[in-house]
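In structure tokens below, several structures.
Presented sequentially are two complexes of chain A, the first with chain B as partner and the second with chain C.
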Partner chain A sequence: MVTYFKDIYSGLVSLFIGMEVTFKEFFKPTVTVQYPYETLTMTEKYRGHVELIESDEGKPNCVVCGLCQRACPSACITLAGVKPEGEKKKVLTKYILDFTRCSLCGSCVESCNFNALEFSKEYNLASTRREDFIFDLLQRLEARNK
Partner chain B sequence: MSSPIQLQTDETFVLNVGPQHPATHGVLRVKMEMNGEYIVNAETVIGYIHRMHEKMGENKTYPQYLMNLSRMDYLGALGYSHGHVLVVEKAAGIEVPERAEYIRAIMVELNRIASHLFWFGAFVMDLGGFSPLMYALQDREYILDMLEAVTGSRLTYCYFRFGGLYNDIDDDFIDAARRFIPRMRKSLIKYDKLVTGNIIFRKRLEGNALLSKETCRKYGASSAVARGSGINFDVRKNEPYSVYPDFDFDVPVYHEGDSLARYMVRMKEMEQSLRIIEQGLDKLPDGPIMPKKKPKLIKPPAGDYYQAVETARGSFGVRLVSDGTKTPYRLKLRSPTYSNMHLFDESCRGMMIMDALAFMGSLDLVIPEIDR
Partner chain C sequence: MSLTLLNVIFAVVVAIAFAAANAAYLVWAERRGAARIQRRPGPNINGPFGLLQPPLDGIKLMAKQLIIPGGADKVLFIGAPVLAMYPAIMSFVTIPFSDSIVAHNINVGILMIFAFASTGSMSLIFAGWSSRNKYSMMSAVRAVSQSVAYEIPMLITTITVVMIAGSMDLMEIVHQQSSSILHWNIFPLLGKSHNILMPASFLIFFICTLAETNRAPFDLGEAESELVAGFHTEYGSMGFGLFFMGEYANIVIGSCMTTILFLGGWSCPFGLFPGVWWFLLKLYLLIATFIWIRWTFPRTTIYGLLNLSWKILIPLSLVNLLLTAGLIKVF
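Let's look at the complex of A and B:
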């Protein structure tokens, strides 16, 4: 009989101890971000989808070696280039990233020896259409330069 | 007014829990044969999220497969990547710089705490308490922010490389980790007050789903499921790998075998992980994070290699059979939750459904990791 009442007493005390925790937390500052009114800036090393890096002249650094294409585990990258007469390096004519398959592993950026690829900091990528995720990186580069 | 239907003792019905059910935490389906509120028979049905990770391992080159591992267990991804890189390094004979191994251990332990925190919140939510989840997620967010600043992603890291790491840690990370340790210790006291001591919580879990040592051995259970039943087995201690022998930590073992014991093991494990992180930060050597000599193309010599690691969910093993080419001949992934889950069918017989769901929560199931 005594243990019965003791149990009830200790049980009640345990509930009040828990309530004390929530009561204290009630007065603590808010930690959530009020999205979409507030947004977070991504960290320096954040890995978004890839973007082409341009040289000082505004042209892509890419020399169409195709290492990124080979390194990609999911075959997201399609690229093509031509070699203009009298030039030593190839010029990029097409760089398509199929973001629907990309798993953001960063193999392409790591494989690049010419400092031609970087991660974008973009994360608001929502769409109802599949085609919106087929990125033409060359076009995006031109759009950035405009 | 009609009288309530009286079930006959031999009259049963089938209750289908899942594949989309909040208590199963993913796409797991449980076919339950019920007699009223009591379970007569249960059968777990898996395969709803099978992605052929093992088969992909046979088709992709070694570096291409790195990102697959973090997609198995999305809560404690780094532990799985650790197992994979260790076995390939063992096979290809790649030496890892000491600094890289220390950073790996620190990262894996942080990830273990993050995983346990999420489990803690979800488990208490299964039992009907909502606010602990919010506190747990707040602490977990702190870890994820730290990991994001270094690895570049929050869940599916792809941070380890054969021979080292993708990025080195900086002073900001070390400061943040040092600040995190006392903060987390304080939080653990808070969780103790809020949940562990709570009479309703204790009464529901004490004596719930008793698992014997034999059952755990029979099914190959590991992690807190085995350690809550008195089996003192932790791969980090029993088959030491990486730099774990350098750390001083204990393996929490409880002998009760009930859901509360499994809960306690995980809570104590977080404390031990904090100790490992603390020691790792103190002992962190300087140096490179990638070896000087590293083969350009990874082609391990033909042979059979195995490496087990202790992940947040238990003992994870990778068996690699190489035929000397640039893709593995076979890559077998032994996932701990697969074994832990199969306990459920046998052990939940005769339980009430609410108790069975509490039991399932205490097993810490992550379904993509079971299905692979």
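Let's look at the complex of A and C:
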């Protein structure tokens, strides 16, 4: 009989404790982000698709050594370059990333010795056509510089 | 004659409008409240603070086709949603909001409201039975056991209040509590009963209202996790809409009854600004508590639900009834 009343009492008290918790939560500010209208800035270590890094003159750091192309396990990267007359380094003319096959392993960034590749912070990647995921990174770099 | 007919039409229109407006905007309040508790903003796209959400939802529901499943009992299937809404509207006819704002006060108001409220659970049973769906059927079975279990303590508690007041007239019950805040039935000392268990009685009545209106944590009729959506699994369109509105209209009725029976109706504490707004304030505070409770507690099990009623609420309310009867005899 005593346990019966004890159970009722402790049950009732626990109900009020629960209600106190939600009452306090009610007055706290919201924590969700209204996505299309508000966006979060991506964290430092976010790994989006790769992007070319430019030097101070606005040219890509890439020297067309082709290590990233070789390091890529899925053969996503196609690059080409020419060596202009009288220059020491090659100049990048084409850098195509086939993102449909990329698994974001980061081997290309790891293999690069010239600080020419980085992960972008791009996460709004959705399309109905697969061609939209064949990125021309050189074009993206030019677009960024505009 | 024509004047009374006009009165009746006016009362019915006002009752329906009040019930529908409350049902629509309580959905909004519920969604906003739930969102606040879960630290989300809630509906905020349509109109300022999402205030246009309920009418737009209504339009959407009305634009949809009413699908009757093959093998369903058509008459009951269509009748059930109507049955969910009408007891609430009928009950508004006799609920007094203040001395003058009442459609038609009758001296057995409590009896009438409970008579209509008891038909409310019939809508669940009909809907579950007629849908030809095993989940709906299980839900109907649960609704029967739940309404049997919770109408008993609710009625016993109501009898306690009726004994104290000596009347089934809702106006009369409020008038007897109106002398001061300490005469409200929830407070034990100055009321006519001097029964120290009256706060417990209030809690029992409130819990039973939660259960009778099928609100969480007692919404076993529509337990999504096990019964899809229970009795309204097969309902789409405005059939579902009527069930939804009926639920909220029943909450309003339940809160009105709690206000009148225990919180002194429209009588104001300390004689401050007497008027109908005291009734509305108490009413909406109770409704806010309904919403608050729903988003605090998880759903009980069917065993927990029945144990709570048969092992705790019914014995306690019976003790309270006996105690009140004895104290009325003594004083």
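Here, the second predicted complex is superposed on the first by the 128 of 146 C-alpha atoms of A that agree within 3 Å, B and C clash if a C-alpha of one lies under 4 Å from a C-alpha of the other, contacts with A are read in each partner's own complex, and residues count from 1 in each chain.
In this text, contacts are C-beta pairs under 8 Å (C-beta built on N, C-alpha and C of every residue); 3 or more make two chains touch, one makes a residue touch a chain.
Note that the structure is predicted; figures quoted are calculated from it, not measured.
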Touch check for A:Leu15: first (chain B), second (chain C), both, or neither? both
Does the superposition put A:Pro29 against chain B (first), chain C (second), both, or neither? second
Does chain B (first) or chain C (second) touch A:Leu104, or do both, or does neither? first
Look at A:Arg47 in the shared chain and tell me whether it touches chain B only, chain C only, both, or neither; answer first, second, both or neither. first
Check whether A:Pro73 is in contact with chain B, with chain C, with both or with neither, and answer first, second, both or neither. first
As a test of reading the superposition: which chain, chain B or chain C, is in touch with more residues of chain A? B
Both chain B and chain C touch chain A at residues 12, 15, 18, 21-22, 25, 31
Interface residues, chain A side, partner chain B - complex: 10-12, 14-15, 17-18, 20-22, 25, 31, 43-47, 71-73, 103-107, 110, 119
Residue ranges of chain C touching chain A (in the complex, touch as defined): 33, 35-41, 44, 203, 292-293, 295-297, 312
Could you list, by residue number, the parts of chain A that touch chain C in their complex? 8, 12, 15, 18-19, 21-23, 25-32, 34
How about chain B: which of its residues touch chain A in the complex? 60, 63-68, 71, 131, 135, 138, 141, 148-153, 156, 158, 166-167, 190, 193-195, 197-200
